[in-house]
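What follows is a pair of complexes built around chain A, which joins chain B in one and chain C in the other.
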Partner chain A sequence: MMRLSACAAVARAAFADRIAWRGDAFFGAFMSAVRVALALVLWIAIFDGRDEVGGMSLPVMASYYLIAVFVFHLDQSDSMGERLAEEIRAGKFGAYLARPVDPLAWFLSASAGRTVFQAAIAAAAMLGIGLVMGLAGTRASSLLAPIEFLGALAALPILASGLLSLALVNFMTAVLAFKFQDVTAFRIVQNSAVEFLSGALIPIALMPSWAKLMLELTPFPAIASLPAELALGRGFDSLPGTAIVLAAWNLGLYAAARAAYASLSSRYEEFGS
Partner chain B sequence: MKALRKLSCLRVLIATRLSRQASEAGSFWAALIVDSLVFFIQAAVFWVIYLNVDDIGGWDKWRSVFFVGTFTLVDGLYMTFYFFGLLGIPEAVSTGRLDLYLAKPFDPLLHLAFGRFNPGSLFLSLPAFALIAVAAANIGAWPTIGDIAAYLGAVILVLILVFDLMVLMRVPAFWLKRLGAVNAAENALVEFAFRVPPSAYRGGMKILFRVVLPYGLIAAFPTEAFFGDAGAGGWAAAIAVVAAFTVLMRFAWKRGLARYDSAGG
Partner chain C sequence: MNDNNLIASAKGLSRSYKKTVKAEGLGGSLRSLFRKRTETVDALCDFDLELRRGEMLGVIGPNGAGKTTLVKLLSGIMRPDSGELQVLGRRPRDRDEAFLSRMALVMGQKSQLWWDLPASDSFLLNKAIYGIPEDRYRRSLARLAGSLEVEGLLASPVRSLSLGERMRMEFIAAMLHEPDIVFLDEPTIGLDAPAQKRIREFLKRENEARGMTLVLTSHYMGDIRSLCPRTVLILEGRKSYDGSTAELFAEVPDESDVADAVERIYGGAI
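Now for the complex of A and B:
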C-alpha cells in the first residue's frame, strides 16, 4: 500500500515537473501536428484519382494519421530511458538507490506522470486541428472521418497497456548502459522499428495479411494503429484477443525488465560506492 | 592557394580520424547498423504503399526506389563526412570547446564539421548503388555519361545544401541554451525529404519545400537530374537556392562567432 502511494507521489512529481517545462509539451504536440500535415501531403497525392486505398478513404486515412501520430508521441518513457542511461553512464545512478521506490517502479511511475501531462496537451492540440480540418459540423466537406465515441473509449485501456509495454522495453534498453555505457544506437534502432511496427509510419491495414497476423501477436499495434482504428469504429473484432496478448506481453516484459536490472546493475561502479 | 591549403588540411583531418576510427570498431558497426535500418524501414514503407497503388503522382514503384536509393546515398555521404561534426556545434559552443578550433590556423567550421569523419556510414553507399542500379534497369533507363555526370553534380550540390541547412539549424546555439525545438523541426523536415517524393508536391508546396525550406531538393533533385527532368531552369533554380543558402549560412555563422564568448575568449 505504501509502495503504491510512493509510486503515485513519483507520478505526481513527474507531472508537476512537466508543468514547469510545459513549453516542451506544447512543442511536442505542435511537431505531431506538423508530422500529420506532412503525411497528408503524401497521401493526398496517393489518393489523386482514387476513392480508396487498402479499404481506406482519404478522410479515414487523414483521421488515422491524426490519431496514430499523436498517440504514438504520447510516450515519455523514451526520454526517461535516455535520462536513466545517461545517469548510469555519468555515475549518478546512486541517487536512484536512495529513493523510496525501486528504479523500475520509479521509472514506470515517472513515465506515467509525464505521459498523462503530454496526453492532456495532445488532446487539446488534436481537438484544435480537428476543428481546423472541419471535424466539427460539415461532415460531407470534412477532410476527417467521424470519431466513434465507444471506440475511442475502448482505445484508452488498449493504449495504456501498449504504453506500459513500451515503457518496459525502454527501461530494458536504458539498463543496457550498465554493460555498454552508450546505448544511443540501441535506442535509435528500437525507436525506428517500433515506429514502423506500431503503424505510426504507415497503417497496418495496408500491410500484407501475413504481416498483419504477425503484428497482432505483438504489443506494437496498441501504441498507434489499434487506438486509431478503434476510434474510427474499426477493429472491434480483435479487441478481446488483443487484450489477452497485451496482458501476456506486459507480464513477460515486466519479468524480463526485473531480470535485466538484477543481472546488469551489479556491474555498476560509482566513486564512493 | 587558400582553397588548396584548406583541402590539404581536410585530407590530414580525415586521415587522422580514420586511424582513430580503426581502433573504435564498436561505433563503426553501430553507425552502419543504425543507418542501414533507417534505410530498410523507408524501403519497407514504400513497398507497403506500392502493394496498394501503382503510382504516386505519376511516379511508379521503380522511380520511387531510385528516389530512396538516392536519399540513402546522400545520407551515407553526409553522415560519412560532416554530419557528426556539425552535430557537435551546440556542445562545442556551450562548453567552450570551440576555443580549440578558433585557435588553430584552419577554418573552424570546416574543422568542426570534418573532425568527426565517420567511414562506417560510407558502407551505406553499397545498398544505395544496388537500389539505384536495379531501379534504373527496371525503368529501362540505361544512363549516358551525361546522365551520370548530371547525377553526380546534383549529388554534390545537395551535399553542400545539407551542410548549409545543418549549420543554420545549429547556429542558434550561440544565442539559445536549448535547441530541442530546432532539432525536432529539422528531424521532421529531413524525414519529409526522404518519405515524400517530389511528385506529391502540389501548388505552393513546391516553392515551400524547394526554395524556402529546400529539404525537398535533397533526394528529388539528383533523381530528376538523372532522368533528365531537371532542365536548364531546374538546374539554375537549384544552383541559386544552394548559393543563397551558402551565403546565408556563412553570414549566420560569422554573426554567431561574433557573439561567442567563453572562459578563454
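Now for the complex of A and C:
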C-alpha cells in the first residue's frame, strides 16, 4: 500500500532526523572510534605472546572483530523497534493508521535511512582510526589484515539480507506492544540472543563445530561474522548455501511479521486522548 | 448510501474498552501482579449518524463521553465492536487507500510532524505518501501557508515552534492532499484566543472554498458556535442531541466552555 517513492522519502527523513543534532552525530562518530581502539587493545592483550588464537593471527582476528562490530552496529531497526513499541504504548500509533501508510514498509524504510547514517558515521570513525594508525607507522598498521575487495563486495548483499531479517524480527517484537504494552523484557532477551548468535560477542570461529553448524542455519551470522569473514577473503565456499538460508528466512519472517501485525493491531485503542 | 450527498453514515455503532483496575498502594500493585482485574467500559453505544458533503458537524460532550472514540471509528484508527459504518463509500476499518487518501485526521494532542526537522520536511514526506504532483503540492503549500500565516516558519525545526505555530503546521500537513473529509479532535486545545480564531477562520475558508466536510470535537464553545451549524451531543456513550447548534445553545452565553454549557442544559445529567 506504500509507494516506493514514499518509502524513499521516509528513509530520507529518517536520515535527516539523525543529523538534526550535530553534537549527537559527532559524538556517535567519536564513540565508534573509541570502540574500535578499545577492541584493538583487547585483542593485543588476548594474543599476548601467541601467534594464533582459534586458527587466526592477530591481524586477521583484530580485523575480523573490527569489521564484525562495525557491521553489527549498522542495524538501526532495534532503536526503531523501541520507538515503535513506545508509540503503540503511548497511543501515538494513529499517525500511521490515519494516512495511506504501511507500518511495516515505514519501519523498514526508516531503519534503512538510519542505517545509512550509521554507516557514514562508522566509516568516518574507521577512516580516522586508519589515519591515526598510518601516522603511527608500519608497526601499528600491521595490526590489521588487508580487506579483500571481492569479498567485501560479496559481503554487501549478505549483510543487507541479514539486516532485513533482523529488522523483521525487531518489528515483530515491537508489535507485541499491542498485546503486552511493555516489551522491554522481550527486547532485552532478543538483543542478547542476536548479539551472541551473530558472532558479534564471541567470534563464531571460536565456537565448537556443532554450534557453528547450527548458527549457519540462522540469519544472524549475516549481520556480523559472515560479512567480516568474506571481507577478509574467507568463507566463500558457504556463500550459495548462506544466500539460500537468508532468502528462506526473509520470506518466512516477512510473512510472520505481516501475520503478527494483522493479528495484534486490531487490539489498538489509541489510549491517552 | 444511495443519497449522493451522504459522505458518512453510521448505524448501531458500538465500541467498548477493557480497562485494567488496580487497587491503590503497593499492596494493590502486588495483588494485580498475580490477578489482573479488568472492567468493560462502553465508550459508544448504538450510535447512529448521517453526514452530508460540505457539512460541518460539532461533536460535544464531557470528558470520557465517547467523542474521541467516535472520531477514531470514523477515521479507521479503531474498529467498531458492532454496527455499520461507511465513510466516503468505504468501511474505515479496512484502511484502503481510496479512503485514507481522501480523509485527514488532526488530533490536538498528537503530532504527525517530525520533531527535530523543519515542518517542510514532514510536508515533503506527505507529498510522497499521498502521491501529490509537484505543481499541485507547491500550489497547496503556498495557499495553506499563506492562509495560516506561517510562510516564514517553514524552515524552522518543529521543536522550536510555539504550540499555536505547530498546530498550524499540523493543519498544513493534514490538508496538503486536499481531503474531502477532515476529522478534528480538539484541535484548538491549549491555544490562546487569537490562535483559536485564526484556525477557525482557516477552517471556514477551506469549507467554503473546497466544500470540505468537517467533524470537530472541542471543549470550546467558540469553535462549535462559529464553525458548526449542527451539533451532536454525546453523554456516556449515547447520542443525547443531534440538531441545530444555535437552538442547543440558545440560552448559553458565548464565553462558556462546552462542559458548562452542557451542564446548564442538562442540569445534573453529567
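Everything below uses one rule, namely that the second predicted complex is superposed on the first by the 235 of 273 C-alpha atoms of A that agree within 3 Å, B and C clash if a C-alpha of one lies under 4 Å from a C-alpha of the other, contacts with A are read in each partner's own complex, and residues count from 1 in each chain.
Everything below uses one rule, namely that a contact is a pair of C-beta atoms (placed from the backbone, for glycine too) under 8 Å apart; a residue touches a chain by one contact, two chains touch by 3 or more.
This one's a predicted model, so the numbers in the text were calculated from it and none came from an experiment.
Undergrad: For A:P208, select first, second, both or neither according to whether it touches chain B, chain C, the two together, or no partner.
TA: Touch partner of A:P208: chain B, not chain C.
Undergrad: Figure out whether A:G128 sits in contact with chain B (first) or chain C (second), or with both, or with neither.
TA: neither
Undergrad: With the two structures laid over each other on chain A, which partner does A:S192 touch: chain B (first), chain C (second), both, or neither?
TA: Only chain B; A:S192 stays clear of chain C.
Undergrad: Output check: A:G252 vs chain B and chain C. Expected answer is one of first, second, both, neither. What do you get?
TA: Neither chain B nor chain C is touched by A:G252.
Undergrad: Scan A:G241 for contacts with chain B and chain C and give back first, second, both or neither.
TA: Once the two structures are laid over each other on A, A:G241 reaches no partner at all.
Undergrad: Give one of first, second, both or neither to describe whether A:V34 is in contact with chain B, with chain C, with both, or with none.
TA: First partner only, chain B.
Undergrad: For A:S5, using the defined touch cut-off, is the partner it touches chain B, chain C, both, or neither? Pick first, second, both or neither.
TA: Second partner only.
Undergrad: Please report the chain A residues shared by its interface with chain B and its interface with chain C.
TA: Shared contact residues on chain A: none.
Undergrad: Name, in rising order, each residue of chain A that touches chain C in their complex.
TA: 1-3, 5-6, 8-10, 13, 16-17, 20-21, 91-92, 94-95, 97-101, 266, 268-270, 272-273
Undergrad: Within their complex, state which residues of chain A touch chain B.
TA: 24, 27-28, 31, 34-35, 38, 41-42, 44-46, 48, 50, 53-54, 184-185, 188-189, 192-193, 195-196, 201-202, 206-208
Undergrad: With touch defined as at the start, can you tell me which chain C residues reach chain A in the complex?
TA: It comes out as residues 17, 68, 72, 75-79, 95, 97, 100-101, 103-105, 107, 109-112, 114, 116-117, 121-122, 124-131, 157, 185.
Undergrad: In the complex formed with chain A, which residues of chain B make contact?
TA: 30-31, 33-34, 37-38, 41, 44-45, 48-49, 51-53, 56-57, 180-181, 184-185, 188, 191-192, 195-196, 199-202, 205
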